[in-house]
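One chain, chain A, links the two complexes that follow: it is found with chain B in the first and with chain C in the second.
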Partner chain A sequence: MKFLIVLFVSIVFSMTGKELSILMDNRESPKDVSSELNMEITNKKGRVRKSKIKSISKDNNAKQILWFLSPADDKGISYLKIEHDNQDDEIRLWLPGFKKFRRISSNKKADSFMGSDLSYEDMTSRQMKDYSFKIIDSNADIDGKSCYILESIPNGIDSEYSRHITWVDDNTYLAIKEESFNQNGNLLKLKKIKYKLIDSFHLVSEIFVENIQKKSNTKLTFSNLNINTGIKNKMFQEKNMKRLPRK
Partner chain B sequence: MKLKIVLFSILLLNNLNAEFSYSGKIYLPYNFNLKTYKNTELPIRFVDLNLNYSFLNIDFKSNIALEYDWSTEPNEKINLREYYFSYYPSFGEITIGKQIISWGFADGNNPTDNINPYDFNYMFASGVDRKIGVHSISSTMYYHNSKINLVMSYDDFKHHFNSQIPFECFIYGSNDDGNCLNAPEFSKHIEYGIDFQYNMNQAEIAISYLNSHDRFHNENIQTIGANLLYMHDEFTFRFENAFYIANNNEKFLQGIIQVEYPELFRFNATTQLFGTYDFNAKKIYGIGPPLFILSEYMIIFSTSRMFLDDVIELNNFILYNLGKGHGYSIGGEVNYTLNDYIQSSINISKFFKGSGTSSFNNLENHSNLKISLTYFF
Partner chain C sequence: MFNKYIKQNFIQQTLKFPLKTIFISLGLTAIIGLGLLWFEIDDDFVKLLPQDIPSKIIWDDIQQDFGASEIMLIAFGNKNKSIYRKEVFDAVWDLTDSLKIQKDLVEEVISIKTLNRLESKDGFMEVGDLFVNSEGILTKNIDNKDIENIKNYLGDNPNIKSRIISKYDNYVSIVIRPVLNTNMTETVERIKPIVTSVLNEEFEVHYAGQVYITGEVPDLIKKDTSTLVVLAILLMIIVLLINFRNISAVLMILIIIILSMISMAGFMGWMHKLTGLFIFKFTMMNTSMPVVLLTIANSDGVHILTRFFRETRKQQNVKDGVKTTLEALFLPIFLTSFTTAIAFLAFIFSPVEQMTGYGISIAFAIMWAWILSTTLLPSMILLKKWNVDASYIKKESFIEKIVRIIGKNISKAPKKVLYIAISIVLVSIYGFQYLDIEVNTSKFFKQGHPIRESNEFVDYQLTGSMNFLINTIGNHKDPNVLNDINNLQVYLEKQDRINTTISIADIVKQMNKTFQGNNDAYKIPNEGKWDVYCKSDYDISEFKFDVNGANDKLIIKTVSNDMEHEYLEITHKPANHISGRITNSNHPIYAWETTLISFTSDKKPESLNNINITDHNGNLQDFVFVDSNKEKPLNSLWIKSVDQMKVDNLFTLYEQGGGKSDDFDAVVQQDSLGTYNNGLITGMMQSISTKETIKLVNDLESYIDNNISSNLETKISGLAVFFRDFVNLLIQSSIISILISIFVIFIISWFFFKGLKWGLLAIVPLTCAVILNFGLMGLFGIKLSHITAILTAIIIGVGVDFAIHYISEFKRNLKDNIPLETITKDNVDDVGYPILLDVLSNMGFVTLLFSTLIPLNYMGGLMVFAMLSTSMGTLTLLASLIEINKEYLRKNKQ
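Up next, the complex of A and B:
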């Protein structure tokens, strides 16, 4: 009888992958975030290339501008991304050496972002309608935190990945680790994400991405995080890419 | 006088507690001719310094270069390539001063980008390095998905000819003694233009008009431009066309089609097909990008890829002259990043002469190998 009750409870309260992804998607996020990023790209020989980036974003990262502050040969380059629901995302680069804005295809998702282990696809939010979700383990554990393991498979979209396996904290519904597999089904990237609690919001404080095939990795560390500072929509315009933000 | 303007601006903005930033590079090349194995003696831009001040909605920007030219006396020259103020109102941007302004959709070879003359000593350089700043007032206005650029300039707008390649002979002809005829006198005058751009989901269109002077003959020439950017899956197509009407009603068209391919084996590949169609033009006009004067039709296929964990960048191109005289050129560049500040490069450009005479075939003697070290700051 006891066994039947446990089975009944687990059937009634077990969550589907879709429901978990909705909970992840519905997590409250700040209206806007500004931060400074330190990007460290380490190649397989251990050589490190560091970049410093200023970032502002809005609407859960659907609008974002990144300004490169260093290294010196990248200084002044900026990146604008605007995600759209019903049309292709808009990605532009400001190239000061050419004095030109360059619109690039948002379909070139697999291209590396500024030589890092992050691709443009990694920098873009996943649309729920484009994936099918399945929980493959409800009782996983990572670093003492109990987690769900969620499988996400792209459906009918161009993607560099065939599937993602994500460890999701079952308390906060935050993704804390992810394995992404290439189109051949081989593990391509391992991502680990750390968060910082600011005003009841969990904000990403560190992203570590390891490219298993290339044996290189990229660590993004976020500092000077400011939220809800009233960044306006019009900030995400081409003209603001030309001007490094004032301190 | 120009230096005084820059110094006064810096002093003023310093007193206003404006935010100062700088960037630039020190460039140490050795460029030798592959035929003679001697220095090509092309001018060198040793130092490129950008000084910027930001105060409220205003920026002061300048670009100062230290150049060395074997053909001038003295050889060293401080070149104030740009010095201008940018004001950022809510609708966009207004700039005033000596500046370089870029129009057009294609990469590098833009028929509609004629606001600034070119320095042919740097004709194979990339980006704004090839251009000469002119005194201009320019504004950019944004409205929803549209962008309008207005520009009015006052300068002499004269191309600087290459000190080693005798373009003057090709353009102006030569006298009985075989000496090249000189360019006409260039006086300062006003030029103006407008560029309207509209952004769509997978495409952008632009139309433009520029009333200018031809940079070789100093005669009025009007440019009507039409550009299209179209993205389909991982392909990007950039079309750029300029229809020119010269003072004596001579007409010609310059166009370029650029195709960017999906990344293949980590190679980025691009093809540019470009050329000039003459309706009734009787001479070579100095308008449009420098490569357009070398031939009626050309095709360039270029690739780039990072190797050895992004430490080495390899760029290659094959350029084929489809027009008179044929001929082709191959080139390669290897950039080795020593650290965050220093990059070493080896760059080779080899020209192969085709049949007959053409300005492209004249380049055969100018194949060169360049070794350089760049320090970025």
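Up next, the complex of A and C:
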């Protein structure tokens, strides 16, 4: 309902950045998603490292576990993420060699996820209250799709970025492309996102992140996407990080 | 046939048409000299080294994978001041930046500014820069507190500190790894001015490293040689002038020498142009060529002019004097040139490729010198107006008088002379066992020389100025392989002259220590811990199996899939048998790709036998044991090394903490699947002699054979190691050239002098001179190197000439029926003067004794000795042998 009101208001009056972000945030999403990810990290010398990951998530990605299936060096490593509204998000890492969990504290969110160009901050959702939003352009175009250009600026939170510029499809309210700038105002990362329609849900099928300064890039491809399979909340606990999920 | 046809034609042409002969010779020389347009000098010493020997091939492969292995080190500071002050850190910053921008020359700069800092933070490893301010930002603007911080970090990590800070904290070093295959001389020439411009004069600066030495040496040799050779030529001119007492004669000889040099350089240029081969470039190996050609071209000219003066004195007619000179000397000069040329062509068989070009070029130049000596020189003599009554023709020179004395003595007591000569040769044979080799260029400098002092400074205060490499092939994340590498390093660092080593094992130890936050964890994870994994759709209520291959000390470490399964009861009897049973059926063991149980064992477990698994329904399931590297079917068990997983996790944490996988490129390379299977141990050591290098490498190979497991394959290389193999080649090269030359000269002499006995006699002085020279080198501790090895060329070039002249003249005298009573005296009178004059005029090379380079000192001394030994060998040993056997020789004359 809220979505419709906002939509109506935004149609009648020109939309604000905040309204657009609400629309983005309130898009319908499945109860849970399981998928397989292929991650390709290419460094500045052109060397490529490929990983295979199993993912389950719930509540619009607020809860997620990732298990690394390959290469053999990384197999057994897993991540658990639980996002909270009113407290710090929890990200934990399981190290099978040391039989230890490590909690990634909020001041380490700029750290790289498994050596990729995605940081932990990139992997967590942005809380509306933590950002100020502004539409820079309502009639932009990208790859033949009309879109908004939305600027998001962190508001007093610890972030490695000073702002993000996001191209948002004006039909689906999906982020298609994003430029993220570091604290010095220089372009740090360029992200491109693709989606796949499954049962009326737009699910991320590919994320491409390029670190402009390090001249490296990461490509995440999602496959075997299954939705609403009844993943329980109790799946998202430490003990399940230690064991790979049955197929 | 040769004598009659070619010789007569040659002589007639010269006698009848001297002007035409001059123009033709000059014209042809000019055409050859055109090749100077393509004459190239190449200072790159590394290219001279044989490319196809195994250690060089390994070295090339290592450098392809890991980049240039040889470094240039710049150390600066002040003797009595700590480096932990702002001025020093500013200088490090500025110098690092100035060097890094030379991208065509510099691959990597290692300094305090470029090093990483690994720290434990919040249970993770954080990888950052070492040269940072209090906010962790890489900046030049650091204060004393930040410097103190850096100092503390380095103090906590001595293995890192030792690579860049001196023993007493008063010097800091910057290491430059050049771009692969750059010219070392050019590298040094460009870097030194940069260092001078950045570092102010308050710092004491030292340079070291193989790049520096190899880059500096060619230039030093060039400078030294060019100055001293000019002096030698001046001395030669003076000696010739004193003896000939006529400037035209000296000038004519000089003209022949200069034109021969031009033709040699021109020939090299033409050959380089036509073939493109590196062997025809002028390199450090070729620096002795002008010296060798000088002595030979000088020799021809001296023989002709002395003979001309002698004949003209007799015949009182210039044309007759020239004619007789040519008739007498045409064959011997041809023979001496031909045999010398053939002797140098024997260098084709040298395993040192550059010597092939040397041999071919100088062989050509020698033959051209012969042509000029027998055409241009006599023509010039004919065209000049000589005063036959002048004292320089009429009166004997001082040397001629000395030669008479020698001739008389040999005739009087030939056996005595022979025995004395043989004794000297025999004594020198004793010196062979002491003959030693030194090819380490850093040992080429005398004590007190700035380069040697800097090298020694770096040897004792810092990491050392030489290195060697061990290429390691194996899984570099396998703790067993890492332990092997570590043990190898421990062995190496116990050796006297090795200061430090670095490999991926050091990095793993550093990561482990940082992650664990504990100095005691500075080691390779190696607890001998193993996890048994299972994969099944069923949960498990009971399991049993025997661990095959683990030793009796198998100890259960943890239990269950979750490591804290409270309902699992474990039995561990007999020693290698493990059984587990769930005591609460509501909590079976989750069996999909998780651990079942962990245990430690000193020995690596090979497999699991007698497997019995019961699922949560109480049904016995068929399970198989599989290799952990293979595909895992359903209902399978496998064993994984926990230590290996720790190493894997450390690398993951490193990248997570801000590090990059290519940070390790200098010590390990990834293949296309991301496996670290190609590693490098770099050992930094003090500059050691070739002998010590040989021992070090041999001992190392022995240690590896006896102590390193088959999981790790090793290949030893590096410039220092490569020199060991080069040394063997050098010896081979010298021996091959000498033997072939002696044999060829023997055959040619046999052929031309028409008799086996003459062939044998011709090689007597040469053989004795070789023995004398090398024997005395051994006795006096003069080391054989790739510079002094060229001595064989000089001995061959000169040694045979005197004998051929002597034999040729003797045969002539026999033919002319000179009385046997005076034949030796007459012979010595005829050939002794040019021989001695030749020797004396080449005494100028004694100036090389004043070179700053030890090998050039040896060259100078040995050259002088070679001339003396070959000439005296001819005038004593050969002369007395012939004198003793003259009756026999007359009877069997051909």
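Simple rule for what comes next: the second predicted complex is superposed on the first by the 235 of 247 C-alpha atoms of A that agree within 3 Å, B and C clash if a C-alpha of one lies under 4 Å from a C-alpha of the other, contacts with A are read in each partner's own complex, and residues count from 1 in each chain.
The rule we apply is simple: a residue touches a chain if its C-beta (ideal position, glycine included) is under 8 Å from a C-beta of that chain, and two chains touch if they have at least 3 such contacts.
Keep in mind that this is a model prediction, so the values were computed, not measured.
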Are chain B and chain C a fit on chain A, or do they clash, once the structures share the same frame? clash
So, A:K242: does it touch chain B (first), chain C (second), both, or neither? both
Chain touching more of chain A, residue-wise (chain B, chain C): B
Touch test for A:G97: chain B only (first), chain C only (second), both, or neither? both
Between chain B (first) and chain C (second), which does A:D88 come into contact with in this model arrangement: first, second, both, or neither? first
Pick one for A:N43: touches chain B only (first), chain C only (second), both, or neither. both
Using the superposition on chain A described above, determine whether A:D137 touches chain B (first), chain C (second), both, or neither. neither
Examine A:M114 and indicate which partner it touches, taking first as chain B and second as chain C; both and neither are also allowed. second
Could you tell me if A:E19 is touching chain B, chain C, both of them or neither one (first, second, both, neither)? neither
Counting only touches as set out at the top, which of chain B and chain C does A:I77 meet: first, second, both, neither? second
Region of chain C that runs into chain B when the structures are aligned on their shared chain, from 636-644, 726-734 or 834-842: 636-644
Which chain A residues are contacted by chain C in one complex and by chain B in the other? 43-45, 47, 49-50, 71-73, 76, 95, 97-100, 102-105, 108, 111, 115, 239, 242-244, 246
In the complex with chain A, residue positions of chain C that touch it: 122-124, 477, 515, 525, 537, 558, 561-563, 590, 592-594, 629, 642-653, 655-658, 660-662, 670, 673-674
Partner chain B, residues of chain A touching it in the complex: 41, 43-45, 47, 49-50, 70-73, 75-76, 84, 87-88, 90, 95, 97-100, 102-108, 110-111, 115, 158, 214, 216, 234, 237-239, 242-244, 246-247
Chain A residues within the chain C interface of the complex: 43-45, 47, 49-50, 71-74, 76-77, 93, 95-100, 102-105, 108, 111-115, 239, 242-246
Which of the residues in chain B come into contact with chain A in the complex? 19, 21, 23, 25, 54, 59, 86, 88, 90, 92-93, 100-102, 107, 126-129, 140, 142, 147, 199, 201-202, 204, 229, 231, 233-236, 260, 262-263, 306, 309-311, 337, 340-341, 343, 376-377
